[in-house]
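The following pair of complexes shares a single chain, chain A, combined with chain B in the former and chain C in the latter.
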Partner chain A sequence: MELIALYGLNLVYTIAVLALVVLGLAVVFGLLGVMNMAHGEFIMLGAYSALIIQQAGLPYILALPMAVLVCGTVGFLVEYAVIRHLYRRPFDTLLATWGLAILIRKAVEGAFGRDYKSIEQRLPGTVSVLGVDYPAYRLALLVVIVALFAGLLIWYRRSNTGARIKAMVQNPALASAVGIDTAFLSRATFIFGVSVAGLAGVLLAPLVRVEPYMGLDYLLSSFFILVVGGLGSLEGLLVGSTVIGGTDVVVSAISDKTAGYLSILIISILFLWLRPNGLYAKR
Partner chain B sequence: MQRREFVKTAIGLAALAGIVAKPFGATAFAADPVKVGILIPLSGPAGLFGPSSQMSAQLAVDEINAAGGLLGRMIEPEFVDVGGPPADATQAALKLWKGQKAEAFIGMHDSAVRGALTNLFKGQVPYIYTPVYEGGECSAGTYVLGETPSQQLEPVIPWLSAEKGITKWYLIGNDYNWPRDTNAAAKAYIEAAGGSVVGEEYLPFTVDNFDSSLAKIKESGADGVLITLVGGASVGFNRAFASFGLADDVVRLGTLIEENTLAGIGAENSKNLFSSAGYFASIDTPAAKAFADKYKAKNGADAPALNALGQSVYDGVLLLDALAKKTGSLDASAMDAAAEGTSYDGPRGSATLSGRHVSKDIFLAEADGASFNVIQTFSNVDAGNNCG
Partner chain C sequence: MTGNVILSLDKMQGGYGDVTVIHGFSAILSVGEAGFVTGRNGVGKTTLIRLIAGSLTPSGGVVRLRDREVTTDPAHRRRALGMSYAPQEHPVFDQLTVAENLTLHHRDRSLNRYDELLTLFPRIGERLGQQAGTLSGGEKKILSFCRAAAEETDLVLLDEPTEGVQPENIALMAKVITAGKAAGRSYLIVEQNLSLIEMAADKAYLLDHGDCVYEAANGHGLREALSKRMQI
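So, the complex of A and B:
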């Protein structure tokens, strides 16, 4: 019983973290069509923002605005210099952002070194839930992620900006004809996407290894989720995270991690083959 | 043209001076320098250990040159990146050997590269392999400095089992030959110590979520975990392990948890974490302290952290010097004949070559925050039978 509760909590946590990690990419790739291969690097920049705050001895909460500042600035420069010339040319964005990813990794390696950094956990210890001792920080993270997604879902459905983004995604020419500043809106959406990736980096940093190459871990799983879930909607993102995360947790529990990883690969390939638009495609 | 003539004449005279001077016991300071290929990872997954390896090697080279050189010849280290695939490493080594006439090689890299290199060298040039590895290397002309699983575990498992009351071990590692061979050796020592293995798991390198392994460890009731995960995987696993509160009751022992990995694991996650190795930056002996001081003095206080892998290259240079002294030349077959029993003293203590491996001290350290405390030293541990 206790074991089932533990696996259940792990399942919910894994899905939530995957959804958090993929959110930034879902915005940039799903809405703008930019295959952002540097997605993981923005998560890494978020983690290093947390490191800067920790080294400066400032309260950890300041890592959140710091990550938005760092990723927002880098995102703005990148959008202005590179991305805006490449909208609707997905394969070109893939190459450009792959180069960008290498550049960001090397820059961070130059500034902070290649070695592992440890971000201290501000909420140590475990809390007993359903008879299981579960890490307190993970539970807090779960609450934050659920609140974030609920807020985002409501905002995107109800706000004027959300409506303008939808209009831009569906028909850019018509959207700009009715007076929507699509250039500005695209830039803002890109910056929002990479900043969300940075925030994910801050939130995950106390739990994971922090080093210049950490971003690669997040890139693949993010694309798998979008392949399964489909592009352009939050619902698709959540469905994709559930399928990928759920498969991994369940198969790993029954068999081992190798089988878990293998099953994710097989599912992703099957989706690309048989259902290339994913489960919940809006585009 | 004139300059070349001048250089030629000068070298000729210098060589002559060297020959004439030798019988009188003077150092042949003008003899040809000797090129030594130092093969270390400067890129790729092990690139983290490149800088500390290079600085450690340079320190040993400087010391030997200051003391008169290798058999009276100044060492010219040629650092080559072997962080890539074995084929690239072979190409680089071949260029150095045949092109630049390197006369000896010292390598700190993975076993796949070692296999390719022993195949290339075929015992025709001395080659010293320095890092921790799975054991079993027995090629001609090859000398192995690194700790073998039997060295790291044979004395440590019974001692730690008795000290901490461990009876049920869970073995977890990355999925390749070093963890598998280490665990195969570990099982025998665990059984001999009266314990049992309650789980064994190998994770692909891509894994960054360890929840299912942690649940299995909890379920198994293990009171000891032997960790052969490497690098980032070890960091991620150990952080998650501690966050679940497992560190209070379960002892962790790693055979490749060095200073960088511990820094990544973090002070708050290192309770009850032990590491077994031939070197730690905090070994409390005069030789080790002197080495650490020199390293800091030369490379500054912000130098890359000293660790068992990087430091092993320093010992590699010392071993080459000791082998050359005993042989009287750098001729590979003469060295192979004279090698057995060669000994030298270094930061790790004194070491003796036996069956192409070295018998040496093994240290068991306990993590204390983000640094290691050596709590037990096992003297002169044999590397086991590697040529069987």
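So, the complex of A and C:
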């Protein structure tokens, strides 16, 4: 019984973390069509923002605005200099952001070194849930992620900005004709997406090894999730995270980590082959 | 420029890539006037209105809205300066609801400004919660017409507003346009439906191969003159 509860918690936790990791890419790739190969690097920048705050001896909560500042600034410069010329040219965005990813990795490596950094746990200890002692930080993270997604779902569905973004994604010419500044809205959406990636980096930093190459794994799993879930909707993102995270946890529990990873790859290939628009395609 | 001119087009040129579709179109539209551009399929009518609306960048010529040159302004800035536009293709946001289509560009998101239009076109009012993509082609055109008509801009550009629309609704559209003219609004409308032209036009331009080949004020015989020239 306790074992089932533990696996259940792990499952929910894995899915939630994946959803958090993929959110920024879902915005940038799913809405704007920019195949952001530097997505993982923005998560990494978020984690290093947390490191900077820790080294400066400031309260950890300040890492969140710090990450938004760092990723938002980098995002603004990148959008202004490169991305805005490449909208609706997905392959070109892939090449450009791949170069950007290398640049960011090397810049961070130059500034902080190649070695692993660790971020101190702010909420040590465990909390007893369903008869299981579960790490407090993980539980808090779970609550934050659920609240974030609930808020985002409601906002995206109800707000005028949400409707304008959907309008721009579907029919940019008409969106511009009704008075929406699509260049500005695209830029804001891009900056929002990479900033969310940075926030994910801050939240995950205490749980993982922080190093310049940490972004690569996040990039891969993010693309797998979007392949399975489909582009352009939060629902698709959650469905994709559930399928990928669920498969990984269950197969890893039955067999081992390698089998789990292998099954994710097989599922992604099957989806690309048989259902390239994913389970929940909106466009 | 006199204060009475809302739109002036001077030797407009443009097209797609290396292909020039419009070879130098000039026209002047006064406040409270409705100008219609007509002609057979594929003569460049939609290209012309897209050049004026800012969906396409002209390769030559000048577009002025009142006294201000807007030739290279993006569409959303022209909208802010007082030019609304209902395109021919993809006239609505298919994946948004009818209500969202009508309100997303208004800060207050209020449907009140549509009270009269929704009484005229009850089919739209009945479908406010429905996805716009589920409407018929004619209903989409009416939705797009309502959206543009209620923007209260000085100039309204409409590209084939009557495509797929039933005759009784075309007559209602003419009524809305005439009322708008009386309120000081101007219209530039691409249209093949001669009935709407007869009902609402002040003048008409006949386009062929990207050039204006005939221009006339509305009055007795316009319909015959246009239909005769369009057959050739």
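In this section, the second predicted complex is superposed on the first by the 283 of 283 C-alpha atoms of A that agree within 3 Å, B and C clash if a C-alpha of one lies under 4 Å from a C-alpha of the other, contacts with A are read in each partner's own complex, and residues count from 1 in each chain.
To be clear about the criterion, contacts are C-beta pairs under 8 Å (C-beta built on N, C-alpha and C of every residue); 3 or more make two chains touch, one makes a residue touch a chain.
What you are looking at is a predicted structure, and each value in this text was computed from that prediction instead of being measured.
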On chain A, do chain B and chain C fit together or clash when superposed?
fit
In the overlay, answer first, second, both or neither for which of chain B and chain C A:252 touches.
first
Of the two partner chains, chain B (first) and chain C (second), which one does A:121 touch, if any: first, second, both, or neither?
first
Of chain B and chain C, which one touches more residues of chain A?
B
Once the structures are superposed on A, label A:55 by its partner contacts, choosing first (chain B), second (chain C), both or neither.
neither
Mind working out whether A:208 is in touch with chain B, chain C, both or neither, as first, second, both or neither?
first
With the two structures laid over each other on chain A, which partner does A:166 touch: chain B (first), chain C (second), both, or neither?
second
First (chain B), second (chain C), both or neither touched by A:174
second
Chain C versus chain B - closest C-alpha approach in the superposed model, Å
38
What residues on chain A touch chain B, complex-wise?
3, 6-7, 10, 13-14, 113-121, 124-126, 133-135, 137-138, 207-211, 213-214, 217, 220, 248-249, 252-253, 256-258, 260-261
Seen from chain B, its contact residues with chain A in the complex are 47-48, 51, 175, 201-204, 206-209, 211-213, 215, 218-219, 232, 235-236, 239-240, 243-245, 260-261, 263-269, 304-305, 370
Using the touch definition up top, name the residues of chain C that touch chain A in the complex.
53-55, 74-76, 79-80, 84-87, 90-96, 100, 103-105, 107, 109, 147, 151
Would you tell me which residues of chain A are touching chain C in their complex?
160, 163-164, 166-167, 170-171, 173-183, 282-283
